[in-house]
């Protein structure tokens, strides 16, 4: 069973269709599936809904597909730093469902774990609760949030072995794990494919069962939104 | 209104918030003044900072040659790692937050109401950027401290009888630290009490600049 | 009843179930005959076995000097690891199962009903040991194959119009493999069809030993 | 902030009380908190409810506390291989709530993640569904299961660093992670405490935020329920 594809384009072949619900990993520009987003843009697929914590920035990440108007709707917790997003949103060209960050992560995990709904305190008494069922547990109110069941998951990882076991690096893990689990098909772009047996079985972040297709996206020129540093003390 | 009162600076407000830290606390700090709290952790206690994008044990900003795009905080700034750091995914991260495992969070706000409601994510009619993790934090963390200017740029009170802006959380705030004063309540059924004033600030000035009901 | 028919042995039933495996499948095997299925995986395909206590990539039983108490399967037997094995916790493991990421499970049963109900966890009046992971597996896995003797020790049919024992799952079974025959259905709205008989077994014998309605 | 205690007894001091709901890790005899269970038995605490996948065997694991009649109720998925359990259960001395294994794991995780209830297909149409709310999502029935919020979590791990970051070994991880998260206080027994900095930050199974107390339980004489082996081929 070969899971390795020669290019992002090949890795998406046969799974792209207008109107898809796509779960995407990444936080800001950290750990986003750049190559797969590029390939989706180039494919011309449209009317996409993205469940993704952010919407990229003007010409990075999902921002690239916003620019080409391939995105119909975003399910996100934060969409700052994106002028074209703002323009389309204010013009009514783009639908946005704001979802608290933790609720979004849990909705993806729930979808991946076969849980269609769960109750949370997050958002009780706010706009987020509007239209949602309220239930009392132990005297406190909770709202019902629904699992996200995506058509396609696209994520970015550090390394994968040939069977699809995946590891991430530092805070680039973020939404990539829950996003990976909630799609009917999960395509992973990695920095490196390593031989089977070279990853520690006790330290796999995403077991191969969740991964259908793998593509090497290297070399990466990883973007930073805000570079903050301190000065090295004089020796 | 007394033009003479200086009140606390941003750093002093952060330092005041830092006094609420206890040894062993796990803490999430919001963007802006809350981030400065990290600079005032008392030397004799250990506090572990959580970043909701998936890290426990946030270190200081990196040296220029250590900057790593895979290592950022929730404000998307580059940071560094500590020997006891741990990384995890966003679902696990908010499991910690929602599940009440984080002891304290310090957040900014546009408005806080006398009943503990907080509004800090949107202004109707303006571009909405989203709530990020703020709703999860105020719903899940054990103690919620708001650090904000006492009044808006127009001089309008921000600690008020009822929020006018869309809420981030209902009845969640435990403590409010402004440039002029500190308000606190022991539980979510009690009213806030004025527990501290900045040097040179009078109770009268605070009363004049606060429309929320509070106990003196 | 024909005393002449031998039907399939336990190993032959397991081998028959193994024919349902496809390249790349992730599979969970129950205790008993289902465990034997692992011995009949076709050489030209790759199948990864999942153990619900937290492992993907179950290897064979260990050599005597490799036995490790920290490495067991869901039947609490010692096993070995493979180069592509991965470990995870029980919540993650059942996330895989409930979430439909496991392609196929093979389970034993006390009763299967013509509507796909299965009973395999308790007999009223007898000591209840519990359902373990069986209810999760039948609810979550994509394809459910039951392997069981065609009749009970008393000669009573086990593939019946409606389960008499408390259910493990409602309308979940896709295929039934007994020592005498194989029944299958394409989806959960269709009736089972008799698709195969063991050598020397006649359609009449199966009809005589089956009270469930099925299509011939 | 010192989390390290000199003995299991010390690690449980001040947290034991009759009638506690205790979440315990382990699967069969694999990865069970033996030392902490011994210390609970010796403490004489009683009327305990255990959320634990199994109930040990006759004189191992929770079986030890069954023998001394300190357990009032078990919330478990499987309780075979335990004669004293059987006797007490049949005599009506012991209450048992059977919970499907995956539902039990998820209920613990939910409790730890502040989720008081979630919907699952597991158990629909069975005795497990009796008395539970049924809700339809996408045309299919699901039942509401509640999060477990325990008073105390006791778990067994492989290594911890001094700040409570924990790693497990192979299939001994099992219920230990979800059980750890759902208690007000979590006490961990480990084989070894390692210096801060010696665990890979990308490979922590249970971050220190979940761990309040740590005790070294070594040396362990780990029990095996069914030793199964194959023969080494002749060379």
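As written, the chain order gives the labels A, B, C and D, with residue 1 at the start of each chain.
Here is the rule we use: a contact is a pair of C-beta atoms (placed from the backbone, for glycine too) under 8 Å apart; a residue touches a chain by one contact, two chains touch by 3 or more.
Source: prediction; values computed, not measured.
Chains touching both chain A and chain D: B, C.
Placing every chain at the mean of its C-alpha atoms, the farthest one from chain C is found to be B. The mean-CA centres of chain A and chain B are about 28 angstrom from one another, to the nearest whole unit. Centre-to-centre, using mean CA coordinates, chain A is 36 Å away from chain C. Annotation for chain C: residues touching 2 or more other chains are 81, 87-88, 94-95, 97-98, 139-140. Looking at chain A, one finds that residues 106, 109, 113-115, 120-121, 168-170, 173, 201-202, 205 touch two or more other chains.
An unclassified topology is adopted by the chain contact network, corresponding to no line, ring, star or complete arrangement.
By the document's touch criterion, interfaces exist between A-B, A-C, A-D, B-D, C-D. Taken together, the chain A residues at the contact with chain B in this complex read 27-31, 53, 76-80, 86, 89-90, 96, 98, 100-106, 108-109, 120-128, 168-178, 205, 222-232. Taken in their complex, chain D has these residues touching chain B: 1, 109, 111-115, 161-163, 165, 181, 196-197, 201-202, 204, 207-210. Within the complex formed with chain D, the chain B residues making contact are 23-24, 26, 45-46, 48, 50, 56-57, 81, 83-88, 94-102, 139-140. Taken together, the chain B residues at the contact with chain A in this complex read 51-55, 60-64, 67-79, 81, 87-91, 93-95, 97-98, 117, 127-136, 139-140, 166-171.
Residues 106, 110, 113-121, 135, 137-138, 142, 146, 167-170, 173, 200-203, 205 of chain D touch chain A in their complex.
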